[in-house]
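Chains here go by letter, A, B, C and D, matching the order in which they are written, and residues are numbered from 1 within each.
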Amino acid sequence: MAQLTYREAVARGIAQEMARDENVVLLGEDVAKAGGVFKATVGLFEQFGPKRVLDTPISEQAILGAAMGAAMTGLRPIAEIMFADFLGVCYDYIANEFPKTRYMSNGQVSCPLVVRCGNGGGARFGAQHSQSVENWCMQFPGLKVVSPSSPVDVIGLLAAAVRDPDPVVFLEHKSLYAVKGEVPDGEILDTLGTARILRPGRDATILALGMMVPRSLQAAEALQAKYGISCEVIDVRSLVPLDTQCILGSVARTGRVFTVEENPRQLGWGSELVSIIADEAFYDLDGPAVRITTPNIPLPAADALEDLAIPSVDRIVGMIHRSLTA
Amino acid sequence: MTQKTRPSAGETAPEREISPEKRLEMYRLQVLLRQAEQRAYDLFLENKIKGTSHLSLGQEAVAAGTAAAMRPGDLSFCTYRGHAHTLARGVPVEKVLGELMGRDNGLMRGKGGSMHLTSVEHGVMGSYAIVGAHLPIACGAAWRAQYKGDSDVSVCFFGDGATNIGAFHEALNFAACRKLPVVFVCENNLYMEYTPITEVTAVTHPGADRASAYGLERIVIDGNDADVVYLTLSKAFARARAGEGPSLIECLTYRHSGHSRADPAKYRPPGELDRWKERDPVSIYRKRLEAEGVPGATLDAIEAQVRRVVDDATKACEAAPSTSEDILFTDVYADGGCSWRN
Amino acid sequence: MAQLTYREAVARGIAQEMARDENVVLLGEDVAKAGGVFKATVGLFEQFGPKRVLDTPISEQAILGAAMGAAMTGLRPIAEIMFADFLGVCYDYIANEFPKTRYMSNGQVSCPLVVRCGNGGGARFGAQHSQSVENWCMQFPGLKVVSPSSPVDVIGLLAAAVRDPDPVVFLEHKSLYAVKGEVPDGEILDTLGTARILRPGRDATILALGMMVPRSLQAAEALQAKYGISCEVIDVRSLVPLDTQCILGSVARTGRVFTVEENPRQLGWGSELVSIIADEAFYDLDGPAVRITTPNIPLPAADALEDLAIPSVDRIVGMIHRSLTA
Amino acid sequence: MTQKTRPSAGETAPEREISPEKRLEMYRLQVLLRQAEQRAYDLFLENKIKGTSHLSLGQEAVAAGTAAAMRPGDLSFCTYRGHAHTLARGVPVEKVLGELMGRDNGLMRGKGGSMHLTSVEHGVMGSYAIVGAHLPIACGAAWRAQYKGDSDVSVCFFGDGATNIGAFHEALNFAACRKLPVVFVCENNLYMEYTPITEVTAVTHPGADRASAYGLERIVIDGNDADVVYLTLSKAFARARAGEGPSLIECLTYRHSGHSRADPAKYRPPGELDRWKERDPVSIYRKRLEAEGVPGATLDAIEAQVRRVVDDATKACEAAPSTSEDILFTDVYADGGCSWRN
């Protein structure tokens, strides 16, 4: 057992997989000698050398394209796209190439790779460096999307993503990089497509992801303490594949559901989850399904404004309390 | 900017010998591509091929010359205009026509269609329909070869128009920096879809005039001469295998047909097609072989054999059932299915 | 009054706006001399000349970037991205540039432009030329998203988009280009953010877009004729802004809602609409909200397969009937 | 590939006269940028600036020389490293520091932040934080000028690293084809974030060695010499205004500070920074002016005046309220609000 930061967990997860399989390689801007802009790949260049850990030009299409070609022919690349927002400049690979090649080739071609990105807000980086891009990625059949909220999940889900035979987008939350957590010794391997109930509850289900997970847990505690409202908090962890059983099971028990999403409202990941619930668990619902999201705005840079934009513990508490007592 | 004197002639003259067998093989390949694609065109007009289809009629020398210079295990990355390159690597005509026709005997059983021909078994690692996307992907395959010490080379075909998209630039720089064993073959057929490439490009030679931006040699060749293509590509492959890095080769050529489907190509100036047909790669190659003493009967036999292959393939496709529905939901994920939730 | 095809309506709409305002310019691949790959811009080059109608290189980032720079400084560009799928190669402008510049500049910069694309399937073009990309566009605060289903709507909504001071993605359905419809003479101007009830009904609301509109209308007729089920069919037309009043009003009357979406299931546009209904109209709902979509697959090329993938009239009828009689 | 002999010296020598007033103005600008950015650095260390901040310390000659060559109405398109270019166009220091500090007196009242400085009033059409994105956007503004017959020129600043991204290639080709009045200024400061540009680029000069790929002249200049920058840019602007099209100018320079925030820049080889500090643009400019007879007192007065401006601005910002919350929901759409539904 050790205390690791979320960023150290990234490096440890990658190291674990690189040590296990020599086909695992890492590429991205400043990931090698400098250890990454978020210092999440520190030590890997020293441990695995320049052949396996590559600094690239500022060429996101080359990064993802090269990762794909390598994956199709036998390697297991981990590609870093520094800030998740930059998926915009290489989106063709996310949308049109990675997820479709297996299907179009009728199963001839595999694309086992991982795209890691620093995702999310809270760092006062403004509208082009702070987005939560789950909803840029989860609409493509063939592509998997994962987002861990704790150091141990980082390692286990990253290992699972690297070993997965399908392409996986792995979203690391920038504002969690410094957060510490207990991590057991030895190999850690988790399972994609599994959500986790972090706090059991009776009155409502909260579905959260990334930085919204700790906030939702805090909110659940406050709701219990202040109002005696018992919330079940689920860390969704994996949007594709989705652990529908866990989610629908919880809603069946609680009768109410709230999503807590960092993305602006329109077509956030929660909308798909709510639409599943509104269909398959309609008769379990005792009241409206409510989405708590960043409002319909780009993220502002100023700290005071950014804090108002992203769902806060207070906002979560307030909205759930109001909705349950309406 | 260097000005070329004859639009059809390349600027770089290769100087090696080619064996008689190789040359017959290149003739056979060109005839095969020609006949198979003419058949595809007919089938499209008969509405037996739906959707779209992009032919390489007139560009056969590039595909034949390159394929003839490749070794088994080398990898091809094609565009939507990929029938010729796919066939040239040995993929059966029936499989290709079957795919175009959406039949169950197609190369991907109809799931990909004409723009996505893929046959890993033959080293055809896919045909990509988003212009430029496969250049970085080819780099990745070449990176794997370099990493693993494999001796295969990746070849990436694309058009003149593709040289103006961002991915071209990123791929060329990436490949040159890392000295990857990849060969970029730009088929300059003078047109994008309907717009002449010169109208929207800042240089005369959309491929070759960019080579120096990546520290690469400037290479423009006559893409209608299979021998020239073969020799130039052989050199590029040798260079790649020797660890000396990528090449960018601009092949001057012309498509006899329209851009896609039944495009009548009215945007071409009068006479242009005729002038290029005088330099038809199949006929000039036949004439050259004959001039060098190959009996006409040998060449006729090749043509006849190819015609039988294409006819048989057509019949087989027409008799084949249309794609069976059970594959609609297969192979989205590696587990064989399309389920994204439990 | 004239009968125009949907593709002719595109050209007429553009011509109407170009004639009205000399700041309106058109650029894209093969849009000028050749009249566009879908022949939707035929005649414009002849009418307005090479200064206002530009053939571009295959440089989608240059097309959208140039449109943006021109829009910011006084022009009203209409940029064509030939197939909507190609938004993947210029997505940075859709995601990070167009929608954010006004907000980030605190209102100093406007970005009044229209991006037109050939959207949707049915043409046997395979997985990279057939997608319905509404859900690639609607998650960005600041960006508007419109998709007409008839020739008259094409003109009116295109005119509204061109005159709108915000950036608009205008999705034309490829399989509707040949469809004819009545178009009044003279200027046509419609309003963004307005849905249209094309068929009133009592038992259920059907929300549809693009090619799914005619199919939904046919399905509604069949449901009436075969089972006596009365469906209200709404052509959503505009996803951003969204005509929530129209939609919620309809659901309040019918008590049931079905979306008919051409995109694959995951995070299709319908999920957002359902999530709004499941929150704000929860107590109006008499049963599950059901989404009828392309399944979770890339689109196959073969005609037999493509027809099975995209929601057909029969599938719509079957799903609605089963759901209402369950 | 041409090899440069001195890393700091340009290859293209300009030959015109500059008025004494212009030179004093360039000195003042360089001093202003230097002091304002040093202040920004201090404020960052004091945690009064949150988020991030990218300084141009050491690169002032590019901003000052370019701005001095611009006319009112000309447009600037900057990157996240845009403080200097924004200030050089006349945007008040208080507005810039206020924005960095997230205060209500900031240029965009805190909504944009340090990476998105924009002041339309001063022709600063935005700072763009996605590498490469603004090159096509600058083309668009230039296209508008050409279309409308306006005489303004658009200038687009970017780093060495930006030359390897696809948008660079697309913009350069587009601009060259259409002969747009846009000037591309590549500030080659030898590094991307932490990686030396030479390690990931196929040519020595990431900007200039690409010029021929767009039919443009190869221009590499000493970016630490404001006079050279001024003269070279003046020529480029004249060319643009004359309808002769774009220029691509590679300015050799160096950033004294790290890439962003408090980056200690440990990736730099020992001695490199010192060598470049010997060529500090502000000091060499001062020395030159003095050598040419400008009294030291005149220059001291400029420095003192600038210091007052920066001090006053700092005080004003520290006194300003933090951004007021009422603007959180404004200006998402042109109607002033953020509502996307009725």
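Of note:
The rule is simple: a contact is a pair of C-beta atoms (placed from the backbone, for glycine too) under 8 Å apart; a residue touches a chain by one contact, two chains touch by 3 or more.
Please read all numbers here as calculations on a predicted model, not as lab measurements.
When each chain is reduced to the average of its Cα atoms, D sits farthest from chain C. One finds 45 Å separating the Cα centroids of chain B and chain D.
Inter-chain centre distance (chain B to chain C, centres taken as mean C-alpha positions): 36 Å. Averaged Cα coordinates give chain A a centre that lies 40 Å from the centre of chain B.
Within chain C, the positions touching two or more other chains are listed as 56-57, 59-61, 85, 88-89, 92-93, 96, 103-104, 126-128, 141-142, 240, 266, 296-298, 300.
Shared contact sites, meaning residues of chain B that touch two or more other chains, fall at 109, 111-113, 116, 128, 130, 133, 164-167, 170, 173, 177, 199-201, 327, 332, 338-340.
Arrangement of the chains shown, judged by which pairs touch: all-to-all, with no pair of chains left without contact. On the side of chain D, the complex with chain C involves touching residues 75, 77, 107-109, 111-113, 116, 118-120, 125-126, 128, 130, 133-145, 147-148, 154, 166-167, 170-171, 173-174, 177, 327, 330-334, 336, 338-342. Residues 85, 87-89, 91-96, 99-100, 103-104, 126-128, 135-136, 138-142, 240, 263-264, 266-272, 274-275, 277-280, 282-283, 285, 287-291, 296-298, 300 of chain C are the ones touching chain A in the complex. The part of chain A that touches chain D in the complex is made up of residues 29-30, 33-34, 37, 55-61, 85-86, 88-89, 123-129, 266, 295-298, 300-305, 308-309.
The touching residues of chain D, when paired with chain B in their complex, are 1, 164-170, 172-173, 176-177, 199-203, 209-210, 212-216.
Remark: chain A residues 25, 51, 56-57, 59-75, 77, 92-93, 96-97, 101-110, 112, 141-142, 164-166, 193, 240-245, 276 touch chain B in the complex.
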